[in-house]
């Protein structure tokens, strides 16, 4: 394997846990959220034990330390995605809030009745509902790039939809159900040529692939720390400088202002303009530590590791009679496999696997329209990350055989 | 003293820290953010080490544990403020986001041009800017209950402003600058009699006073965990059930929906309807532990302790020539003292105090209009909490004498 | 180890005793859980004393939802409508004989929710019926 | 212990050497830091070779902002405008001889920001001038 998972797993305290006495944890739900290494937990704990203070306006030592740590985390995250400037990294609660920020602050200022927003059929609810709400508020309309039976975006259909001159194309860089890695750079190039702005839902790509926002030329890009070894409670909206500058503020309050009078205010400079109130300070510190951890592994190695695991998982899953895996072949996907098992509901699959300590997810994975498209209400999903091993794939497969036996 | 601060201080690891070698920490900035007890840090660490998973949709053991812990935290917070139902507690990032949520989801749906929003001159920017933005978006107008020279709300003026039939009265329960505790129950009663809805900015009251949302009869109430021993990254919007039910969603995404199709969605039930995407799960767990800690102390005891400290602090500060403390006498305020020292800028005061390890804040404390009202650009603010002692007040006073000497 | 999937659940899922649709019927109701596609319909006949004389369920979904429907329908035959109205979440869990987390609880309770909404003659099946 | 407030800062704050307003002047500019009410105005006279022949500052605010203005003004007399344009944050910090956190840095840099905006003839003093 590309990564030394044996060593890596020692960094993650949760793997010492037994789900039930004698039943070790086989965690195959990293697409929902990842586990956290010791270094991330230590960074946050240390912050609270040594430097905890509110930031930006404080003159005292703790406030200065906290401010420096918070802004250093922003620098780390900016470097991780190759942003030209750390001011382009806005901290939000999660990827969902990041997309909503763009939809409210950019969308409501720039879209009007009749404008077209182009999405895809494989979007997570977090990259659908904000645009539905925006369309309802502005009278803009929505259209969708279709998904092929192989779980790929239909790029011919995309090109022809672009001739309708959408104002915005918002799409996922990697599907959290199919694992499909979309050709983001090419899609953005085509969108720009058609005069559209772009938003990349990178909730599954930044954690799993090397992502360079400048090489992509993305206008907006959103992701969450908790899906990349970091804590809950913090995510990112990246945006091009001129776009962010031109947008009105979204949330009002402390820190996002330069001056306030009773009846008016002047917004602060980037990135503070979009960060109202006390931010997730300790979480930013933890996020920085997560980025350090991933950088030390190297994102190329992370991606290669996942490619190996998913290739093996697809191969093993397909040998089970009655299993149907959705999505493209291993070369075109990240470490996610969603499948059905004939005659057994995904909820039952997941629950029986849980009795063996195997944590998988069952449901529509916040992608109900995609499941409707495939004519199924739910799938079982196994997903992998830097700490996942081939042995765990074997355990999953063995578990599935036992499920079949129970229902046989 | 009412609280056994010696024992309490042992629960807070940060007090082991020396600001610089040989200089212990005298933390007088709890109004900005409080320090965290061991039990809160442990609860979060334990969560990540044992139960970390994404919530609500998961069938596996970790997901079920995480969901139960997250929802138990909501129950604790609801009980702490005496909410009738935990579904009335919406988790947000902080008090600021909570106020924005109300301003966007309730305000944009219910206010129209010409409607009046009544605020006060002592509001924090977080309870001013969202309403300025709402007024700009809807054409509603703003007016302000004046603050008297003693730092109290002018209640006669309030009554007469109410005759103009505001749609909403939004005010702070306790000023973060003056320490003034406003007569919230009475103000809400009057507002309701005048047909207005009410929003209480409880960022400084829930941490420091017993607060009963039902006794207050508040329509909305907002606060932050980090100001009450809890972590950064999580806050609360409490709302009356019918109000929350009648409001459209604010942020769109995973978890806030019941069903999603490509072109439309059905919102989820309360409280999930207002919690889009992966919430601050570990932070909720920490918040629950913070509420447990405060409940064990007893909020009556917390308030009594702060009353003692502030009475002593006011007495000692007033004996310093050139010190002017803003705000009402000790009986009408919480543990906050903002002051000026003649001839020395607050920034210089704070920075020299910092060399003695004393952490105070200097500036306008996100209440610029209030400072304008008093004709000063900035004050120095010392603020107290459950771990604050009279000895720390003495150290502050001694520090101020040394500041005077340096500038003398 | 597979106690969560007690034999009776798998058995009832594979060989339901009360699957079907009564025509004519006195009471019918149906609802689903959009999260996982579970769907349950119940049809009842009620005798002159207000007792359930015959009952059937139909639907699709996970083993828990279908087996709990089968066990529930079995348990109400002969009961008065008043008794059915009083049935609780715990009654159903006792029939199943297993412990369930919050997500699977929804699967298990779907049949009870549908049944009570039908018996109460409500337009909509609300979660509060089974709390 | 009070090294942060080196004597020179308190001294210059209490007894500024270059406080005043030149009339007439060749260059003038003013700006403030709304966070804390610091305000600085500078007025300069420039000779035929483009050198600063006389300079004054006026304003109010904290010791750091006022002392740094006084030290800055002192340091530029005799310098060419090109040299003034090249002055950096570090040059000013060297004059002050202390280390500063981000908040106080803004106080210290206000005078340099105002000075450079004036010398460049800009309409607005931007933070980028002193980065």
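Here the chain labels run A, B, C and D in written order, and each chain numbers its own residues starting at 1.
Criterion: a contact is a pair of C-beta atoms (placed from the backbone, for glycine too) under 8 Å apart; a residue touches a chain by one contact, two chains touch by 3 or more.
Remember, it's a predicted structure, so these values are computed and weren't measured experimentally.
**Q** Please indicate which chain is farthest from subunit B, where distance is taken between mean Cα coordinates of the chains.
**A** Between subunit B and the rest, the longest centre separation is with C.
**Q** Could you see whether B-C or A-C has the larger number of C-beta contact pairs?
**A** If we tally the contacting C-beta pairs, A-C comes out ahead.
**Q** Determine the centre-to-centre distance between subunit B and subunit C, using the mean Cα coordinates as centres, and give it in whole Å.
**A** Result: the chain centres lie 47 Å from each other.
**Q** What's the distance between the Cα centroids of subunit A and subunit B, rounded to whole Å?
**A** Distance between chain centres: 31 Å.
**Q** With chain centres taken as the means of their Cα atoms, state the distance from subunit B to subunit D in Å.
**A** 38
**Q** For subunit C, what residues touch not just one other chain but two or more?
**A** Residues 34-35, 103-104 of subunit C each touch two or more of the other chains.
**Q** What positions in subunit B touch 2 or more of the other chains?
**A** 57-59, 63, 259, 347, 351, 354, 362-363, 368
**Q** Okay, in this complex, where on subunit D does subunit B touch?
**A** 1-5, 10, 14, 34-37, 61-64, 103-104, 107
**Q** Using the touch rule from the top, collect the residues of subunit B that touch subunit C in their complex.
**A** Counting only subunit B, the residues touching subunit C are 56-59, 63-64, 67-68, 258-259, 269.
**Q** Sort out for me which residues of subunit C touch subunit B in the complex.
**A** Spelled out, the residues of subunit C in touch with subunit B are 34-35, 101-104, 127.
**Q** List the residues on subunit A that touch subunit C in their complex, please.
**A** Subunit A residues touching subunit C: 344-348, 351-352, 354-356, 362-364, 368, 376-378, 406-407.
**Q** So in the complex, which bits of subunit B are touching subunit A?
**A** Subunit B reaches subunit A through residues 13-14, 16-17, 19-20, 25, 27, 29, 32-33, 35-36, 41, 44-45, 48-50, 52-54, 57-63, 93-97, 99-100, 103-104, 119, 121, 124-126, 128-133, 142, 144, 224, 226, 231-235, 249, 251-257, 259-265, 276-283, 347, 350-351, 353-354, 358-363, 365-366, 368-369, 372.
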